[in-house]
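The structures considered in this document are given below.
One chain, chain A, links the two complexes that follow: it is found with chain B in the first and with chain C in the second.
Then we have the complex of A and B:
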């Protein structure tokens, strides 16, 4: 029977390898290949997917900062809607003189970019004088629509105070959530 | 001013003067001022704070005439069957987004920790998950909550000597109160 060129070529290659390589050598090379393989991403699809993976946190937290509490992107303001009390003569956790803190609030959570942990924040209004109208911010992390008023940041929480007049909003740190 | 949700002049914030019977539950935790350390919250405390603590207060005390005080008071409701069922059937409790299991933990934390009577109370058994699941399936949505609560509290006070402070909430809405007037603290 006539042998094909392919058969001849295969036979020559096999005999050559058998003459040059020991079985132990073959095993050691195969082992090295298995060990090294995971270090190299083999498929470009896998690399593309990894590049698109979302980072942890929210859009707000990825751009938040921890040093300026008069800016809307201060980390505790992730769900605030209103004028920052820190621009109105008060602070992030204190009312300006002449205004009264609301006993009620809504409580959300914000991620501190310094430690990537979630903290509960009480958004509490200061009430009494006319609206401050400085540093007006609108951030919506964890805020719910008005039909879920307990977590709605449009609600004026000045009930239980002597005046319903809204002045400004604070972001009081309640505790570490995780 | 008439209680309700309106829009404040000049800005997009709604006024919510009377969240009246937002009675959910329990709460938590001590808030620390800046620089004094931060409380580490348990999952039950986080659930209370995010579901209930905004109105009822971080420590269960808020504006007592507008929002029922929980601290040292809520545990008194377990004295009667009607009171025990009332707490879970309140709409904002029964219809909360918490699971039966977590709601049960929150309610037990509210009545046995946050709301435990200062003078001690009669021994009561904790809520079970099955009990909470059954009660929350019958929310008090077809009842005038303030008069209903008045009857529940009257029963607690007559049968168990429950504190008079339970009657502070809603007093401004009761007989003789001016309709539409928002109570203030």
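Then we have the complex of A and C:
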């Protein structure tokens, strides 16, 4: 079979890497990359949503408040669907003991009534225990259908955890959307 | 715990007193009084069994219990009596559908070996026979775990193929040969989701850019996926997951958050009809996503039901701001999709999250709130009867 130049180049690269790096070294670098992955923002998704960030307020933000994160109209909850972790033993960005945060999330943008700025919010589910069933909220500000999952609150976002049992939802602040 | 007489114990005590009284009475009769009238025959012993189930009848409705709150399960209610007639077990986050003859129920569901953890098994469970008993399972390569969504599972119009939408690791649709009980293939639909069957083996999916993915099989059963043009504005006014579709005719009525109906005849080359506004059909200005615009909008959990024979679209409507597409409906609007005219506006006794209509000659309309099922005449809107239900998730009706 005739070999292409691309094949030859690929082989040279692979052999050079194999000669320089031990398998463990490769695994450790790959592992470090995986561990660090959650620290990197989901750039394409966030950029897409940032472009859509509402500038002049939304119907939700008109009635939102910034002092009580156990109420459905807390400003970060503009797109939350489910039980507030703040009512289940956790907080607005921490899971209750006994549950595990999913490394995956969907991204929304909410307006802070105090500064009228739009912020990117990662809605993360806490998974493992049975459903908390406290402070159940259904906010749908700029929530998208399930065929656009990166902005959908109906997917059970428990990917990457030990359990797909939904417990509660957090609203983790990612940064400014504008 | 303070010990008190258990209610059953008290009842037993009362029965004993009656027996003693009866004994005294017998003594009195023996002593020469007139004998009582002829006593009823002794009741015969019984054997336990299962009430036969002849399939979901034309006026019956089946619904799943909302996950998390109710723990799953599919229940069947007879619309003519508003009584519960059958129940089937399901996992949480299940979906279900009946075969075209309504005798076999397929439940798309997921289990873990240790309840909330351990080995995961995605299966299509089969129920049927004379008592709606379990008839086995078809292992699935995966399925999406989500809140209830009608179009994550569907059958072809002839009931030969099942389609299960999967999301992990990538969006795909598993195609199942139901008589052979095996998964034939998984068709990847990158950037798209849900499944709307058409023709003998085709299906369409909605895509994140506002287009459709259309998949159909060749004679060898190999699927080819094509993308159509963009036909809606996904960022400002997306079509709803729960849009109505009739797999027999291939007509899909994709309805947007603001109430624009996009009629699409699903096929290898779909035909896109001109969109029309539900609000305009009612003589109002179209709803928009402009902040502060309070007007009538479609909304709910399953807000649409389509009756193909009379071309009627039933829509749960509420008055609300933009992005309130999950608000329950205080009214059901009845529209003729051929003339694009509003025919009726019917108030429901309590805001409803789901709506369904049967497909027989004397159709029933069902409106479901979180606690109640109302059975209505689909031609007059009259509420005929009601029954209390567990919080519903999805709904499928007879005659579909």
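Operating definition for what follows: the second predicted complex is superposed on the first by the 123 of 178 C-alpha atoms of A that agree within 3 Å, B and C clash if a C-alpha of one lies under 4 Å from a C-alpha of the other, contacts with A are read in each partner's own complex, and residues count from 1 in each chain.
In the analysis below, a contact is a pair of C-beta atoms (placed from the backbone, for glycine too) under 8 Å apart; a residue touches a chain by one contact, two chains touch by 3 or more.
Worth saying up front: this structure is predicted, and the values here are computed from it rather than measured.
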Problem set entry | chain B versus chain C as contact partner of A:59, first or second or both or neither | second
For this session: Please work out whether A:146 is in contact with chain B alone, chain C alone, both, or neither, and reply first, second, both or neither.
Result: both
For this session: Tell me which partner A:155 touches in the superposition: chain B (first), chain C (second), both or neither.
Result: both
For this session: Could you look at A:173 and tell me whether it touches chain B, chain C, both or neither (first, second, both, neither)?
Result: first
For this session: Mind working out whether A:164 is in touch with chain B, chain C, both or neither, as first, second, both or neither?
Result: both
For this session: Considering only touches as defined above, state whether A:131 meets chain B (first), chain C (second), both or neither.
Result: both
Exercise. Of all the chain A residues, which ones make contact with chain B and with chain C?
Worked result: 81, 131, 146, 149-150, 154-156, 158-159, 162, 164, 166
Exercise. Which chain A residues qualify as touching chain C in the complex?
Worked result: 52, 54, 56-60, 62, 81, 128-131, 133, 138, 140-150, 154-156, 158-159, 162-166
Problem set entry | Contact set on chain C toward chain A in their complex | 68-69, 93, 110, 112, 116-117, 120, 144-147, 149, 167-168, 192-194, 205-208, 234-235, 238-241, 291-292, 321-326
Problem set entry | Interfacial residue positions of chain B with respect to chain A in the complex | 1, 5, 8, 10-19, 22, 28-34, 38-41, 45-46, 49-55, 57-58, 61-63, 65-67, 92, 182, 184-185
For this session: Going by the contact rule at the top, pick out the chain A residues touching chain B in the complex.
Result: 81-82, 93, 103-109, 119-120, 122, 131, 146, 149-152, 154-162, 164, 166, 172-177
